[in-house]
Amino acid sequence: MTAVLQILFDALSLGSLYALGALGIALIFGVMRLVNFAHGDYISFSIFALLWPTTAATTILFLGQVPPAVLIPFVILIGAGVSVLSEILVFRRLRDANPATLMIASFALGFVIKNLLLMLYSSRPKSLSILPGLAQQVEIGGARIPLLQVVTVAATIVILIALTAFLKRTRFGLEMRAAAQDFTMARMLGVRANRVILLAFAISGMLAGAIGLAIVVQTGTADINMGLSVMLVAFIATVIGGLGSLYGAVVAGFLIGGASVLMQVILPLDARPFRDAFVYALVIVVLLWRPQGLFAPRTAKQRV
Amino acid sequence: MAEGALLARAVTVSFDGLTALSDVSLSVPRSRITGLIGPNGAGKTTAVNVLSGFQLPSSGEVVMDGEDVTGLKPHVLRRRGLARTFQGGRLFKDLSVLDNLEVTGIGLGLTRREAARKAAEMLDWMGIGRLAGQEAGGLPYTDERRVAIGRALMEEPGYLLLDEPAAGMSELEAAELGRLAQRIVREMGCGILLIEHNVALVLEICEEVFVLDSGRIIETGPPAAIRASETVRHAYMGTAADVEPVGAEAGV
Amino acid sequence: MTRAPSIMAKTVSTPLILIAILAAIAIAVDAFGSGPLARTVIEMLIRVVLVVGIWIFVGNSGIISFGHVGFMCLGAYAAAWLTIPPMLKQISLRGLPEFLLENQFPFWPSALAASLLPAVFALILGPVLMRLAGIAASIATFAMLAVINTVYSNWSTVTGGTSSVIGIPTVTDVWIALGMASGAIVIAWLYAISRSGLALRAARDEAIAAQASGVNIERERLIAFVLSAFVCGAAGVLYAHFLGIITPDAFFLTATFVALSMLVVGGINSLSGAVIGVVFISVIIQLLRWMERGVQVGETTVAIPSGAQEIAIGLVMIVILIFRPAGLLGNREIVWTSRREPRVARTQPAE
Amino acid sequence: MQTTRRAALFGAAAIVSAAMPAIAEEEDIVIGFAVAESGFMQAYDEPATQAALIRIEEINEEGGLLGRQIVPVFADTKSDRAEGARAGLEVIEAGADMVVVSCDYDFGAPAALMAEAQNKISFFLCAESVRAGIQGVGPHSFSASVLAAVQGATMAEWAHEELGATTFYVLEDTWTEYNKGICDGFNWRAPQIEGVEIVGRDTFVNDDASIAAQITRIRNLPEPPDAIMLCSMMPGVVSAVRQIRNAGIEVPILNGSGVDGSYWMDAVPSLSEFYIPVQGSVYGDDPNPAVEEFNVRFEERFGARPSSQYAYPGYVMVDLWAKAVERAGTTDAAAVVEELEKMDEEPTLFGPRTFTSELHHQNRARYHIVKVTDGEPAVVDSWTIDEPIPLEVLLQ
């Protein structure tokens, strides 16, 4: 029983990262059909902003030493900032471009951010121990769970609830949901496109910052590619969940996290290195079963 | 063979708990123009989708020339001689007009050379040969409709389903379209199902008319009978106010 | 009746011009360039094969594929299995079947066989994947790439796992690369003007109308998928015989995005775009590389810092996409227009 | 390859790196560095390159090699394989007598193969795969470092002898061949030792966001193991160690040299019971005072002490090659290779080195054992495995 609980928490904490990532990607996709491949680089960028640029091996904390009450909002704001800036400088100028062009532009942007970090900080991973208080164990139902896992899961839930409330209760939120459902219609109904898109980028960037924090607390390392694997899985989760469905993206994020942990647990040793192959094969199967995603909104149906 | 017909038998379509068509039966005989009218949201396009294989009915069957063709894919049905057009044209906008027609020829198994030749012939037959080299995406409205019909007519299909071909046309253009439909029937022996908002056009050129309302056939008969029908008048009066709301017919 | 000029005759100028451009570059570098520059050109030509291979599927079907570099991987490893001296294989790739372990095949037959492997793989997996459309299909191709990468990174006895496979004869020179690139262009052009190519481009514009025109979309997609897998496989073969050493991570995300970027920058819907995209980006990279080394300006050497090349190339791409969202070629083909030709001549994917 | 017709059209810029500190003259000896000056590998290639430059400068100060000055030339591989091959060709065209290639086998091999094709000696800066040499490049290729498998075997022997460990858990990061190499050495040596038992194995991938499931498996063992053999590298290894310790698993963790350096240890507060094999100590406590002198010189020259032991192989490399050249009396590759292959327990600043005509790499070496206690690394022992790791094991 405790083993099951432990596995459940392992799955939930990994799933949390994917869910937050998927949400960040789904928000942008919803309002402008952009698969934002720079998202992973927003994650690294928001963390590297804590460090003083140096190519030396030793990490020089820049803002990393400040108390959590300042540090957490700072990282999240940096994430939002880089995201908003990329919308203003790049994506706003590509409003009428097709999805492939948008996607490649986002990839090019991510490439620029990544190589900028590489030049400033070198490829050497930087170690930083922030929020060290989270490095303990707690007991839940007989299982000893790392506090960080509990906090990650709890923080994810809080973020999801807050975002849901925002989307449901505020005018901005309503506009965003309308835009995600049917952008053209929303525009006709008077939703101001640029403002909604900017807001989506801001929230998406904040989520990137939050993911960055979760990763860096988990791993103690800031690495140029730290956001990549989360971003790729999140991207897949967005599609599996059903494009246009924020809720679906979150659930799919958790599902992929769960599947990955479960594979690690049940696969025999010889097959374990092939874990990702099984997970991705599962992705193909799910897509064949529900090509529109698990929670596709009705509007996603092909129209004749 | 010319005496065959395309039939829908007791077709019901429901999705997400919504019933779009309920127990609909209709027949489209060859060498005649059959009309399908009904107020907005009546389920006309769904009926066309079922007949042309784009929508699998929840129950009931589609029969073509005595053969059950329910559940066959659209491209298979087209190869068996069932062609259709779409609201809004749906031309291959990046291709030339000639290529638009050529695609159907290819879909039906012709070589490119063969298909191009027949496409050119068809354009001439339709009297729009001058459009051949133009890009389909830039065509004016009425030409777009003509090209769409030409594309559907490649290799002389047995049946042609026209989904609101006159939408947005002037009286004059609609009348011309009506003459084209009559010419198609006369020269190709094709059975046409004309789905239209323009009731006057339907009543003028059709021999048999089906009236659909809220997913049910509420009246069938020759134009005169439809004109006289209380049921039809009632159905139309109820929604007559909203003559042409934008995009209303799009979804279902 | 007067016979209209055939589609072939009407469109043949496009592949000829593209091949001529590549040949001109190859000849100039062979005559005047250094060894390292020649290698740059070979690499460019290999990319042409890859990107043109990707274009056959992506350009005609409109489905962005993230998986085609996976075909390159299959081709490269198959080439390695066929051409590495048996002695080496018996040490590092012991899990190979007997006849591969004990034989070594010459380049051309091996290249053909190695390119066929990804084609066969695509033929088996394609009927499943081609049922998907749009972004679901893109994700499925990405999943396919991830599966190939994971398997090849860990199937140690057959692929050597993450370690480099070595001992592949390095036979790729400028002329072989030019020949294969020309071959890829011809194959892509023949496909584009084929019945399947036209039908698939129609389906790209309007899938539903294409079905109503009798087009079996899944079948046409599959044809393009298999053909493009073959060409991408050939790119893998060339690459393996170019470096003489391969690892699975050379065929993963970076390679995928570099190839797609070249395609999109050139213009995704035209064959000319695919080729020009590769040439253009390669030239820009080479120029930036020289700038990184330093350019003599009067008395002083001006150099951009190491690593600035990557940043610059990203910025260049963004700027191009902002000003030309449909790519450099704007989806047009390069054609040799003589006045007498009717405008209908254009049957390549149009503007 | 077209090596002679050059420059007319495309300019001299293509030929030689502008980063070259001096123009090589006819009588100079040229060492070509085809290493990463940008991109992912840069952080790994730079320290060893710098150490090599120190040895080059020392030799030049002492009057040079065969009475001639050594001039280094550079070409950037940009951490890319195809670029690597091109960089190799560039330095060869610039007249390199010996080609230094990237630290990692996969990234260095393309340039090394270029050198091999022209019968030039190539040295991997710090590759630890058996392929970095005859097996993976050819008879003119060498590695300056020690095989990864030796690190795994060293940890197995030493942990059993000195820590009294009998039960081990093996956690393998399948990301690179280096990681697998450490585990291969461990897996070869540990079962040979009387009484040693491997109680469990698991795998992960370097960039896994979380290895919670793997940790849960360790914690569910009936008895905690005496030690965990962790075969991984940067950056994933830091994450793994942090997660293991945060999960309350406090048993000794054994590693390869890849985790050497204190620069990352902030990530795991008060890290203890953590063991690393090193060729020399960067912590100021190397038993050989000359190593510390080198560290100081390194700091004077480049502004910071070496961050890990991976600078040292660069120094060893130039040292050994120059000795061989001196003994052969020529830079001719065949003669130098012959001299290098005669080296048996040849003393260097960082332990004895041996090359044979079968193996241009170290399958046995003296390692210092660094123990980390409360975040403070210190040398606690030195260890040389009983017998060299057989070639068959390495080639598996």
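Should a chain be cited, it is by its letter among A, B, C and D, assigned in written order, with residues numbered from 1 in that chain.
By our rule, a contact is a pair of C-beta atoms (placed from the backbone, for glycine too) under 8 Å apart; a residue touches a chain by one contact, two chains touch by 3 or more.
Computed from a predicted structure; not experimentally measured.
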What chain is the most remote from subunit B, judged by the mean position of CA atoms in each chain? D
Per-chain C-alpha centres versus the global one: which chain is nearest? C
Centroid spacing, where centroids are CA-atom means, of subunit C and subunit D in whole angstrom: 36
List the centre-to-centre spacing of subunit A and subunit C in whole Å, with centres computed as mean CA coordinates. 31
Report the inter-chain centroid distance for subunit B and subunit C in whole angstrom, where each centroid is the mean of the CA atoms. 43
Where subunit D touches two or more other chains at once, the residues are 38-39, 42, 174
Considering subunit C alone, which of its residues make contact with at least two other chains? 153-154, 208, 306-307, 310
Give the residues of subunit B touching no fewer than two other chains, as numbers and ranges. 54, 86
Please name which positions on subunit D make contact with subunit C in the complex. 1-3, 5-11, 13-15, 17-19, 37-39, 42, 76, 78, 81-82, 85-87, 89-90, 93, 105-106, 109-110, 113, 117, 129, 131, 135-137, 174-177, 180, 395
Within their complex, state which residues of subunit C touch subunit B. 4, 6-7, 193-195, 198-199, 201-202, 204-206, 208-217, 269, 331, 342-344, 346-347, 349-351
Subunit D touches which residues of subunit C in the complex? 28-40, 43, 91-92, 153-154, 161-164, 166, 170, 242-245, 247, 250, 290, 292-295, 301, 303, 306-307, 309-310
Under the definition above, what is the set of subunit C residues touching subunit A in their complex? 64, 128-129, 131-133, 135-136, 139-140, 142-144, 146-147, 150-151, 153-154, 208, 253, 257, 260-261, 264-265, 268, 305-308, 310-311, 313-315, 317-318, 321-322, 325-327
Sites on subunit A touched by subunit C in the complex: 35, 37, 90, 93-94, 96-101, 103-105, 107-109, 111-112, 115-116, 118-119, 228, 232, 235-236, 239-240, 243, 273-277, 280-281, 283-284, 287-288, 291-293, 302, 304
